[in-house]
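One chain, subunit A, appears in both complexes that follow, with subunit B as partner in the first and subunit C in the second.
Here is the complex of A and B:
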């Protein structure tokens, strides 16, 4: 690890002024990913601005029934929050299926959104990686790519976005609030992360002088009936091969009246499955309609030798989750 | 025995005199380990200690043409950067000689580290940074820039297999074994299977990564090292640095797991001693997990043909196993994958053949149950396949082929209770509840299956020098340079010595893990407990004779030994087995050969029956293990508590091998891409079911106290039991480990 300067911010405005004049600086939240990356020499900031003492760690209910989550709320606290568990259960489940208790106690909401891929070649300095070194090439394409993406990929990059929490947030239509000394912006979570295209080193809309201050959840009745399923290579402490965040509601006619679906582990960003949602909306709840919708969503998938199985796995997992939600609904 | 000490004031439960053996005594090192008091190799402190980090090659084969250390040297706190251009010279590895002495040649590789511009594997250490702090050393190491002239490298096992040639083998394991004409018998068998099984390479991931502290004082070298062979290691270092063995001391009081990965001396140990010599200060070289996977070997990958022929009533007529494994170009181990096939079943015709291919990879090494872990997966999966071909219960098939004598050597078994193990195990596990049809059992979205397999690991006994001192205060001291890697080695030897001397267990102190002590065996091949016990019992018997003679003289016959010593005004009595004099060392080798030949009269092994129940998700293919039973035939158990731990831990390791572990070597360039716990998937707690272990507790009469080593047998048969259960659950045969969910879908 390269030696760095450490500053502790006590005021949001001061932190923003500081980063505005020192573009090489990075904000330090829980550090669960950034510090690892610094140890591996993949990130080497001159200065770390510790923001963990900033007053951004509250969760408040909004008048419209939504929720405003401070960027520094720890993952554990968010997962345990009674309103989250009651109104957005799949968000709580997604967080609890990520990492370990120790890491969740440290990791922040803002940091979780900005965590970087776990592509084996991104982490290996001796290997070519366009994300780490633009123009260097991509060793993952013809290498070990079991963990890599099949959706949203480009010739330059097939790295998966690793977050579970963000998959649920994508399904919820969460909004990310970011601030800089230039002002405040609100970015829909589904637009916050960028597809790799020819610039895989650019991962989000966040500018170098901006700080995530909050994530807002809109009121979403369908989310009360939701489920997050994570499929991986061991029972715990592994990133998803496929994950599915789904919420489902039925009308009086028994047809699907509202649905939210997002995928993790298969895409270069938290993947909102809008194609599938459109097919499901108004459809009868059946294995066939679920399978048709899942297949339509995955139709755009581009497999690699090591991860082609994920297309089928994703379809099967979507069906399993929707079946589960349907069974629960009809049973209740 | 049911009360557990809560404070260090009363660390040991009371054990009746004469009744220590067979009791579930707590581990002696347990308290020190859970409180952090135990000092592991990297945790010793010296004034002026420096910290070292290695630089690893990033090509598989070639020549270093330039190496630029300027940026690394410029990092504040850096003391030295050593490369092949400026590092101290070392002697080449000495050729091994099993009869004379293995010590100096137990080398992970044959490379003259930092003495050559040649690169033999991606990950080979080619420079070391020594600094005032580990932070500075870690910052500087990546700044060393290296230019290479690359050569074509052989790094793709799949592609190189056709270059494999029959292996020669050695004194303990022949490359090829034949009985009758197995191919002809297979061709005419009424029922047969002819299958291909593969296993990936596996990495060592002990809780304590490899680490060394090296301290030179003139021509004397002291090394704190993560080793499971202090004796071999100190002889090895003496040879390489050209100093008398008496001037090298290797200490390893606590080792955080070893499993074979800390037997051979790996580059870190040698480079730490080189660096300490170069900077004239003590050096600590603690490898990162990544560095361990680049510079300390693991298990070879394997490809195996297994063919079984049988009569319709399930008598084996042909058994063929043809295995291909790899070694490095600069060292490596013949992984004895045919070992189970040679000893488990009474097939009339047998052919087992080991083939080796040399590759430009980090040399492979011992990893718990080398040979048997792979071999039992291959053979025991194939037996299950044959049982289904025969429409026969797989345990029945095994029992129909129980041999009367060793099927390869024809020797008598010293003990063989596999039948009893399967019978007791099947009863305890509820095997009879199993519907034999594949895909016939289900629990909601989970397909349920049950599988069984035989566990097998042969017995090897080495020699140990031991000194036992009995003092007139009633205490005894046992000294032997054996190794405590977490399995309660000292605890069980104290139990054995206490009963042999007729004194209380708590009165016995044991010193170990130091090459200055009477040399112990390496801790491997499940030999250590029986090996050390042989000498402890001999020394204690001699002491007892001395005490008895003294008691007659002093009229204290029938009293406790200390009373006799006090009556004779003798502060202590000692008895030894072996000596470190030149003559003594030769005698030790003689004892080794005598024991080895004596043990060779029998076919001896640890055995067992593994049972498991698995669940496979019908939607996603995820595999969960829901129940486990291992029923073992492992001789007389000295300590049920620590024996159960060993067996359980072994089963966990087998579960890892079956479900998720695999070394990812990039076939394009030979680079290990699973160089960390984030990419090398060990099983986590959630993967491990409740594990029931039990044993028959029948002593092997050919062994001291009836002991059979059990450090490795628990791992064998595990992967096969799981694969067989997965077949039962899903109807799918997984012949390539690990059993990942994409294979069961």
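Here is the complex of A and C:
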């Protein structure tokens, strides 16, 4: 690993002032992705500003019933929080289905959002990758692309966003709070990550001098009836081939009164399935309506030879999760 | 580079290392605490698991400088019923993953006792530590000899 300067931040404002004048610096959280990328030579910051001792590790209930999650809350602590378990169960499930106990104890909420793709060709320096080296080409298109995306892709890039947590946050309409020495802004999670387009090396709206300080969850009654399912090659500790975050509620007439749906493992960013949601809202809860909505969402999919199976798998997983939530509701 | 001060197994240690050196490499190569093992060096196998302030982490992805002042426990500082239980249940063959398995299991048992759920937990908080719970919670530790049945039994015995 290339050497770097190490600074330990003890004050948010000082950290922000420092990064504003040092463009080659990066913030260091749990390090579970960044340290690995630095060891592989894919990232080579000149300075690391360690932010893990900043007071951004609290979880706070908001007066409106929402939740404010400090950016440095460890993944395991967020997943175990009673309010998350009770009011946003699919967020807890999504986190617990990612990584391992050890890594969840290290990884932070902010870092989880900023983790980089595990596309094999992004990690392999001998291969062409537009994300790693703009203009180099994309070896995944002609390569082993079983794990790659079918939604939100471009000619330049088919890499998936690897986070499970972010998929549930997309369904929740979470808001990312970011700060710099220029001020504070709030970015909806669904807009935080960028589609690759012709610039796959640009992955989020976060500017180089900005720090994620918190993620806020709005109050969302439907989220109490939610579920996250992850389909993968191993039963544990593997990235998703397909994942589905869904929340469902019914009106007095038995029709779908509220629904949230997001997909992971199939898209270049945490994928809010708004097309499917619109079709489901007001519909009867039936296998037909679930299947129609899933198919409509996946209609835009662009498959590669190795990952075409994901389209059908995503549709079936959406139907299975919605069926489960329907059964739970009618049973309660 | 200022000298790094680490607190390991209740003792203060000093090491003169660059910031890119992992906690794992400081333990093994600078302090000669070689009980902690290097397997994949990328967070995938769990052989390097140690406890920091009682919580299990993988020391290969941990930059040592980040852990100054923390209470680090390695297998050399462990005296726990799990160790005898691993021997009794044949929870090892070559033994290379064992220090990581033991440290991980200690951390895992505290997480469970503190009410932390796992992906195998259906209720709001976990109840008994079932075989399914143990296997899911220990999935960050790989044993290439495949001594998993013995490992799970040893942990089960100590948990109950």
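What we mean here is this: the second predicted complex is superposed on the first by the 332 of 332 C-alpha atoms of A that agree within 3 Å, B and C clash if a C-alpha of one lies under 4 Å from a C-alpha of the other, contacts with A are read in each partner's own complex, and residues count from 1 in each chain.
What we mean here is this: a residue touches a chain if its C-beta (ideal position, glycine included) is under 8 Å from a C-beta of that chain, and two chains touch if they have at least 3 such contacts.
Please read all numbers here as calculations on a predicted model, not as lab measurements.
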Ask   = Regarding the shared-chain residue A:78, is it in contact with subunit B (first), subunit C (second), both, or neither?
value = neither
Inquiry  = Contacts for A:38 in the overlay, against subunit B (first) and subunit C (second): which applies, first, second, both or neither?
reply    = second
Which of subunit B and subunit C A:3 touches, first, second, both or neither = both
Ask   = After lining up the shared chain so the two structures overlap, which partner does A:124 touch, if you call subunit B first and subunit C second: first, second, both or neither?
value = first
Inquiry  = For A:178, using the defined touch cut-off, is the partner it touches subunit B, subunit C, both, or neither? Pick first, second, both or neither.
reply    = neither
Inquiry  = I'd like to know which partner A:236 touches here: subunit B for first, subunit C for second, both or neither.
reply    = both
Query = Where does A:19 make contact in the superposed view: on subunit B (first), on subunit C (second), on both, or on neither?
reply = neither
Request  = Name the contact category of A:102: first (subunit B only), second (subunit C only), both, or neither.
outcome  = second
Task = Check the residue A:294 against both partner chains and state whether it touches subunit B (first), subunit C (second), both, or neither.
result = neither
Note = Both partners, subunit B and subunit C, contact subunit A at residues 1-3, 236-237
Ask   = Which positions of subunit A touch subunit C when the two form their complex?
value = 1-6, 8, 28, 31-32, 35-36, 38-39, 48, 50, 52, 76, 79-80, 82, 85-86, 92-93, 96-97, 99-103, 105-106, 236-237
Query = In the complex of these two chains, what residues of subunit C are touching subunit A?
reply = 18-20, 22, 41-44, 46, 49, 55-58, 61-63, 65-66, 104, 107-108, 111, 114-119, 121, 124-125, 135-140
Key: Residues on subunit B engaged by subunit A in the complex (per definition of touch)   = 58, 135, 138-139, 142, 445, 619-622, 624, 659-660, 664, 666, 668, 671, 673-675, 678-679, 681, 683-687, 740-742, 745
Query = What part of subunit A is in contact with subunit B in the complex they form?
reply = 1-3, 41, 118, 120-121, 123-127, 139, 142-144, 231, 233-238, 241-242, 309, 312-313, 316-317, 319-320
